[in-house]
Amino acid sequence: MKLGIVVNEGPYTHEASDTAYNFAVAALEKGHEIYRIFFYHDGVNNATRLTVPPQDDRNIQQKWTELQEKHDLDLVVCIAAAQRRGILDENEMKRQGKDAYNIAPGFRISGLGQLIEAGIQCDRLVTFGD
Amino acid sequence: MSEGVKKFLYVNRKAPHGTIYALEALEVVLIGAAFEQDVELAFLDDGVFQLVKGWDTKDLGSKNFAPTYMALGDFEVTKVFVEKESLDERGLTADDLMELMYEDEDDDWAEKPSIRIVSREEMARIMAANDVILSF
Amino acid sequence: MAMLHTVNKSPYEKSALESCLNHVSEGDTVLLIEDGVYAVVKGGRAANALASVKGVKIAALEADLKARGIGGDKITEGVEVVDYGGFVDLVEANDKTEAWL
Amino acid sequence: MAMLHTVNKSPYEKSALESCLNHVSEGDTVLLIEDGVYAVVKGGRAANALASVKGVKIAALEADLKARGIGGDKITEGVEVVDYGGFVDLVEANDKTEAWL
Amino acid sequence: MSEGVKKFLYVNRKAPHGTIYALEALEVVLIGAAFEQDVELAFLDDGVFQLVKGWDTKDLGSKNFAPTYMALGDFEVTKVFVEKESLDERGLTADDLMELMYEDEDDDWAEKPSIRIVSREEMARIMAANDVILSF
Amino acid sequence: MKLGIVVNEGPYTHEASDTAYNFAVAALEKGHEIYRIFFYHDGVNNATRLTVPPQDDRNIQQKWTELQEKHDLDLVVCIAAAQRRGILDENEMKRQGKDAYNIAPGFRISGLGQLIEAGIQCDRLVTFGD
């Protein structure tokens, strides 16, 4: 089946992003297609490359980035939610007159339409959040 | 099934102001309205607090987004289901809610209420009858 | 050693208020803030629970009530409405504060 | 039109499971994940509530049970334990998924 | 009062794993142990799940921080109160909990259990008797 | 009285940081001393200068920064919580080998000991969170 996944919480704070990641891995192993993973609400915080988790803990952002590379996934960060929470790519940095950006490799920033479109295109939409 | 019109249900179960879910759910609904799918909104549990009228957020200092609910009709979002049992438990009645209206193009643009109070059983059937559920 | 208890959760979504009321001592104050103020809506299940607690002052934050359209005769009896300054005064008047998160 | 309902909240902290069980239809499946798995602890108040629901399959995610030390005879009867692959299969086997956040 | 030894109570009411509060609360307790204040830990409501033994977080992929609870005794955190009513409601007994031990320096370093099961009424008194409450 | 304030949630996502801000303003107006405001858990997200809230909404980070300037407040961001969530100052950026930092003016990064110390030094400690 063609899957859409929605991630609504930040890494570490809430288990939702671990669950979403493990679910995505299991779906890929079973040969399903992941059409898109959409990060909304605090979920946009999965996409900052500035995290420094403790040495003995997982690096959730890095796990997403590696999964994206391996399977050419479409990891979309909602632009409105990202602006509110200080997640910017280089383009947004310039547009907003900021002096730094923090998006991690493998994620792209786009609009909420990408969520609706995933709902239309996918056989199933699965939401992880708080 | 992946190309036709789908029935989208937005399920709102959280109170406004305490967390951002109500506000960010509305942002999805407004964007979604442009996609010409069938759209229904469900308010149950603490979600019914979202529709209580008379917000004044000045002292709190946050944005008053009540007008966005009032504008849903203009975005052709006209099916708003509110669960009666959720209202009852919380000491609320239909009179406590904002009056959401829309103009019915099939009835000479007559103004009609968007909110329909439904029982818990009907709410379960509404959930079962949709294709895609977005939960907030 | 009177205590101020703050509750910021809706009593219909979370068990924080119930747990708080199970652990208050006589002379304490419970201040409802944020989504906690939904407990005062007259006729609601939570308002009935509030009414059953004796010897404890119940207060609610005005800014949060107003933001949510809860005012006047929608507020159950026995609840003192305070503004942010009143919140500060309650913190001062009690020996310590416990947040029921 | 069978549905998969996911519940990720502790039934002792939040009302999500209760509300979910009030809205399921016959033939649906409820999958407990994250803190939702605490509902299966045998002898707990929530396990009794689960047992009263008829015509609905109850499943719980193995990784979340194991992380929390809930296994073997601590799990109440009638709960199917699934791994992440089983979660994916449940998503496929049902027409749609509703998350009770 | 601002310079003497204070009685700190850490109130833990949330389950582990689902959210980070349990883990980050422990980090505060460990740092706080260095400050030579009186320290007590309270576990009630879903907080009692933090002490359930037998965690295996491998499949979940997160850090297993159960050993940190076991090490509390070494940090001279020896007063751990667990509410009986919270255990009962959740189908748990004292036997389901980790065995937290400490060595009592006043009793020839005898090994003693840190956990004390208390009633809801006693828990209320413990809260009332402390100077500073940190809630998680 | 001498007050310590703890903020445990990020701005916008949860009302806690608004409540804490309004409480702090009211306490200052009444002439109380705010010894320290400590940002823990997701509260560290109050301290990113990269947020771009909608034009018609409040800018919570900026409100904290301005309050700090006006009253010379001590706004402390927990270093461990900040690392997990990608909030860095220039020093941390260098130490961790990162290429950007995002802390806002008026905040400083320090350890959890600052929270305990506030508990010891203050007449009252008030916590805002989720």
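Labels A, B, C, D, E and F are assigned to the chains in the order they are written; within every chain, residues are numbered from 1.
Operating definition for what follows: a contact is a pair of C-beta atoms (placed from the backbone, for glycine too) under 8 Å apart; a residue touches a chain by one contact, two chains touch by 3 or more.
Please read all numbers here as calculations on a predicted model, not as lab measurements.
The chains in contact with subunit A and with subunit B alike are D, F. Here the chain-to-chain distance from subunit B to subunit F, counted in touching steps, is 1. Farthest from subunit F in terms of Cα centroid separation is D. Two copies of one sequence, subunit A and subunit F, touch each other mainly through matching residues, since over half of the numbers at the interface are common to both. When the interfaces C-F and C-E are ranked by how many C-beta pairs touch across them, C-F comes first.
Averaging C-alpha coordinates per chain and comparing to subunit C, the farthest chain turns out to be A.
In whole angstrom, the spacing between the mean C-alpha positions of subunit D and subunit E is 28. Between the CA-based centres of subunit A and subunit E the separation comes to 35 Å, rounded to the whole angstrom.
Multi-chain contact residues, meaning those touching two or more other chains, occur in subunit C at positions 8, 12-13, 15, 34-35, 63-64, 83-84, 96-97, 99, 101. Across the assembly, subunit F contributes residues 12-13, 15, 22, 41, 54, 80, 84, 125, 127, 129-130 that each touch 2 or more other chains.
Within subunit E, contacts with two or more other chains are made by residues 14, 17-21, 45, 59-60, 62, 132-133, 135. Chain pairs that touch one another, listed by label: A-B, A-D, A-E, A-F, B-C, B-D, B-F, C-D, C-E, C-F, D-E, E-F. Interface of subunit C with subunit D (complex): residues 12-15. Residues 2, 6, 40-41, 80-81, 84, 111-113, 115-117, 119-123, 125, 127, 129 of subunit A touch subunit B in their complex.
Against subunit D, in their complex, subunit A makes its touches with residues 1, 3, 8, 15-16, 19, 22-23, 25-27, 29-30, 32, 124-130. Listed in rising order, the residues of subunit F touching subunit A in the complex are 10-13, 41-42, 45, 48-54, 61, 80, 83-88, 92-93, 96, 98, 100-102. Of all residues in subunit E, only 1-2, 6, 8, 20-21, 24, 27-28, 31-32, 34-35, 37, 132-135 touch subunit F in the complex they form.
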